[in-house]
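The block underneath contains the structure these notes are about, expressed in structure tokens.
Labels for the chains are A, B, C and D, by order of writing; each one numbers its residues from 1.
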Amino acid sequence: MVQEKLMLYQNMLFIRRFEEKLTELCKIEGKLPGMVILCTGQEAVAAGVCGALEKEDVIISNHRSHGHLLAKGADANALMAEIFGKVTGCNKGKSGTLHIAVPEVNALCTTTVVGGGIPIAVGTAFAQQYKKSKAVTVCFFGDGSADEGSFHESLNMAALWDLPVIFVCENNVYSGAQRMEEHTKVKDIALRAQGYGMPGVVVDGNDAEAVLKATAEARERCLAGEGPTLIECKTYRWRGHGEADHQAYQPKDEIAMWMERCPIKKIEKELLSEGVISREDITALEDSIAIIVEDAVRFAEESPLPDPEEALDDVYI
Amino acid sequence: MVQEKLMLYQNMLFIRRFEEKLTELCKIEGKLPGMVILCTGQEAVAAGVCGALEKEDVIISNHRSHGHLLAKGADANALMAEIFGKVTGCNKGKSGTLHIAVPEVNALCTTTVVGGGIPIAVGTAFAQQYKKSKAVTVCFFGDGSADEGSFHESLNMAALWDLPVIFVCENNVYSGAQRMEEHTKVKDIALRAQGYGMPGVVVDGNDAEAVLKATAEARERCLAGEGPTLIECKTYRWRGHGEADHQAYQPKDEIAMWMERCPIKKIEKELLSEGVISREDITALEDSIAIIVEDAVRFAEESPLPDPEEALDDVYI
Amino acid sequence: MQQITMGQAIQQALAEEMRRDASVFLAGEGIGVGIHESPVMPTFGLLREFGPARVKDTPVSEAAIAGLAVGASVLGLRPVVEVMFNPFFTLASDQIVNHAAKLRYLSGGKSSFPLVVRVKTGAGFGAGCQHSHNLEAWAAHCPGLKVVMPGTAADAKGLLKSAIRDDNPVVFFEDMGLFFFPSSVPEDDYTIPIGVADIKRPGRDVTVVTWSKMLGVAFKAAAALSKEGIETEILDLRTLLPLDKEAVIKSVQKTGRLVILHEATRTGGFGGEIAALAADDAFSYLKAPVKRVTAPDIPVPFSPPLEQFYIPNENKLIEAIKSIVL
Amino acid sequence: MQQITMGQAIQQALAEEMRRDASVFLAGEGIGVGIHESPVMPTFGLLREFGPARVKDTPVSEAAIAGLAVGASVLGLRPVVEVMFNPFFTLASDQIVNHAAKLRYLSGGKSSFPLVVRVKTGAGFGAGCQHSHNLEAWAAHCPGLKVVMPGTAADAKGLLKSAIRDDNPVVFFEDMGLFFFPSSVPEDDYTIPIGVADIKRPGRDVTVVTWSKMLGVAFKAAAALSKEGIETEILDLRTLLPLDKEAVIKSVQKTGRLVILHEATRTGGFGGEIAALAADDAFSYLKAPVKRVTAPDIPVPFSPPLEQFYIPNENKLIEAIKSIVL
């Protein structure tokens, strides 16, 4: 358990620093093409969920994917290079930050169509059931996505067929500039699970251990043939929807309140007080993370852009 | 109340006889073009719901529409002629049985895309709210339709905005050849209402008075600005999905059991025992209905088919 | 050779591929127990042979059905899913167009999505415009998809087998008007390559490019014209994407005249693509205007005389051909 | 004349129509409070002026948004709803294509559906293929819809006003690449008729038929070619459906040469329709093959050099023109 907790801490810290670097890079005009969408403040969901998974387990991610991918074990260099649009990126620069797939770690589909990944997760879970493999699928999506029709059709089908899939709703209070209460009347997305005949669980999305535990339980249910679970992780988006968002609509004190509840600080404090790590350990960890992140940036910067004609590749097999 | 009960009885009987005539006509090779889809056995839903409505109230119907339309007051001649594909039909033969609109009685849209009418009902209810009219929208759909994404998006939006709309799920046990338990794990579609923050009600769909009462209550809520209600009417489809369906998958004893629970017989028995009507009244009523139905068929048969070139009309205004 | 309908040919292709490859499974609305269990329907009898683990009757949930195929295929299964009627392609289109067609590209070529979406299509059965609407042009405008639309039972069998074995997503349109009339179909395990058009009737005077059910209309017109000394070459595209440009160009080079025939409505139909191809790559061979014979720009009406007016017929084709040949 | 961007021109049209007619309301994702409140965005400031009863920020529910428009319009309101990015048109397409476009026909002309669906579109902002995919050809293949795609701020304002006042459903495509560059737009309340193309530059040697953002590319090419003595006529379609066939034919009659330019991918793009029109109705005037300059048949890639490769540019247009003029 101590090992697990430490791992969660390390993973979260890595995600945080990786994305902070992106925030920095975004400020340099022309450095990063396209939109950059970060999960700063929500790291406990990515780390907690993936902490309960095995390598063969599949994740289906969305526009806010970096945390999920890194927690699942994606290579930081290839990820950074993809965000830069370089040919050495996970997807040769075809995808960019919004739909990075990392099949090597079974992050099989990342889609930026809100709700679009949910039916696909039904498909991968179906394949897992069909092949009788001892693996499950996790599908990450936001609170806003739970209003899409695809959410409904997918959860109904997954429950009907007892598919080994865990639906993880990362409720970060906002869908774009819209607060939860502006897009639905219910307080908990997890409530909807009843309408499909599956369990719905609410967890503190800033408590990585709680997230891990809920995921592990859901995974057990999946593997026991008892079907899917909907887990709603209550968390918060510290930054805007994307880095270009000025967050005019997010109350300052709300952000401050949630920053107080930082998932990393929480676990760090516990690890310190439990004597698992020392301040020096943290410094050493920070240093090693900084090196990996700097390396990733260097790798990305030094990598070439794809040749224009490469646009024609990879449409068909 | 006696008046109301009598009205329900008359309406149901009329729908039944109108559709029995269609069953008969279907047996005559080449008489009716296209598919014919009937609501025999489900008349209490149509009559009960529409019995609670005013003329200005809007209904949005689906592929199983004849009952809804007749109960809302559609002209039997024009309806029959449309089913025959005649130019005197409600829609000049462009629509046929599957998507008959009768704007004259505010049956504004009938769609055969399963679930397709539900978002439209949100729209008409929105217009009613926007114009502050004292009218509501009723949307009819089946149990199978409640698995479509459109159901989900629409109920969430309607609840969010407190729209004056009543969602009537006619649960007739089947969606095509599929039994309810083969398309969803939940026992009651009404359960899903909680996931949107609206009341969900289950009523005996073979009890026209109960349906009327539930609808009237939902209508009051709508007009009081308290928003939508989902009413699930438990009923049964006596005949196949359409008239070409041989019902191989429907257990004989199940059909027999539900025929025992005939919504018309039930109310007829009550009216007789309460002394509201006599056997002679029934005979008289049957006779008058038979005349109207025969007239409708004669009207349809004697009406001309549209000229081929009329196909080009009515695309644009 | 066996005489079977296109519905049965599709059934055979499905059954044979399922026997051959355990990774093939079917999903769709009413594909197991149907409301009318007709032996000429494409999925008749398959539930009985392959059981409910491989023949999945689904809820009425088109987006989830298509997504099921996307997800299952990326893990190596070979889903064949059904869209009951072409207008409902809309409901599945996000999954098919934004996901099935694009996810391989987005992965930088790392993943593949070997799935087939069968779409039943065609007017003529009195169901109106929400059941009948030929939208093959939509699919053919989406790079990453292959689009197949056979006009004979024999082609359907061979092309569907190719589609199932193809490692790319294939949208396979089946005109229901072809489900009921028997024709010759080889009994053995054969495939017909995707992307290869077929000269169904050689001719000297005019090329008719067509596909799907309209092939029959083309034959009727060709027979009538032949009696008047006009010899029509009928080129059946069979695949819309990738398009067999060579075949079109070659035929036009030979005849110098081109008529395109399809059941879909005219404006924005795939006929435009063929005309554009000829007007560019075969321009110097064209001896006369390129004609299109199509449905008018209206939704499919219900009433029989209206619906018959909608569907292109041999008279309209003959008239178009004569307008450029004579 | 005021110098405003197309985003602002659309904003003006919306605001003016909302002031003029209380039955006009807006709905869509993020159209009230947005994540970046830029004054050049089409719906900027409208929530403040018209309040939340008329500017409805919706859940992320494209089908319900489109259905909202269908239902509200049949009761006499004039909804203007937004599809945030063109690929999400798929999610709304059942409501738009099977309902908005067909329900009037199905009613036998009794009902009407005066709604506008605004669709933001266009590649070039590094968002990849799930945000960028020009699907105007889909809408243009659906009878019952009108399809508008302006190329200038002034046209956008006048055409959007016409669209809002039109009693038919209109799909209005706005290329986001045009939101940011100011040009001259009349201040008064004017409309531009739907269905009328516009000669944006008269020329003698070749006709370029184009629409939307590609208009700018056409101008650049025309300027360069003019220096070499080649005079390009630029015909801006503005409306794809109903198509202004006369205008296309007339221009081709004059120049005898036709190049079609659009940003959408080639195969199945609306360029085919224009080529087909010319190859039929203007055949005898054509002096050279009809060329199309379009995106290649690939999804829109992310990385800047790849995305630039995707978008048609003036060099490709110049090359195509020279190939038939010289």
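Convention: a residue touches a chain if its C-beta (ideal position, glycine included) is under 8 Å from a C-beta of that chain, and two chains touch if they have at least 3 such contacts.
Note that the coordinates shown come from a computational prediction; the quantities given were computed from them, not determined experimentally.
What's the chain with its C-alpha centre farthest out from chain C?
A
Rounded to a whole Å, what is the gap between the Cα centroids of chain A and chain C?
Taking the mean C-alpha position of each chain, the two centres sit 40 Å apart.
Measure off the straight-line distance from the CA centroid of chain B to the CA centroid of chain C, and report it in whole Å.
Here chain B and chain C have centroids separated by 36 Å.
So the centre of each chain is just the mean of its C-alpha atoms; given that, what is the distance between chain A and chain B in Å?
Centre-to-centre distance between chain A and chain B: 45 Å.
Hey, what residues on chain B touch two or more of the other chains?
Correct list: 93-95, 99, 111, 113, 116, 147-150, 153, 156, 160, 182-184, 315.
Can you list every residue of chain D that touches 2 or more other chains, as numbers and ranges?
58-59, 61-64, 87-88, 91, 94, 98, 105-106, 128, 130, 143-144, 297-299, 301
Determine the shape of the graph in which chains are vertices and touching pairs are edges (line, ring, star, complete, other).
complete
Under the definition above, what is the set of chain A residues touching chain D in their complex?
Those residues of chain A that touch chain D are 33-35, 85-87, 93-96, 98-99, 111-116, 144-145, 147-149, 175-178, 182-184, 240-242, 244-246, 248-249, 305-312, 315.
Note which residues of chain D are touching chain A in the complex, please.
Against chain A, chain D makes touches at 29-30, 33-37, 57-64, 87-88, 91, 125-128, 130-131, 296-299, 301-310.
Across the complex, what residues on chain B touch chain D?
58, 60, 89-95, 99, 101, 103, 108-111, 113, 116, 118-128, 130-131, 137, 149-150, 153-154, 156-157, 160-161, 313-317
Quick check: in the complex, which residue numbers of chain C touch chain D?
Result: residues 87-88, 90-91, 93-94, 97-98, 101-102, 105-106, 128-130, 133, 135, 137-138, 140-144, 240-241, 243, 260, 264-265, 267-276, 278-281, 283-284, 286, 288-292, 297-299, 301 of chain C touch chain D.
Going by the contact rule set out above, which residues of chain B touch chain A in the complex?
So the residues of chain B touching chain A come out as 147-153, 156, 159-160, 182-186, 191-192, 194-198.
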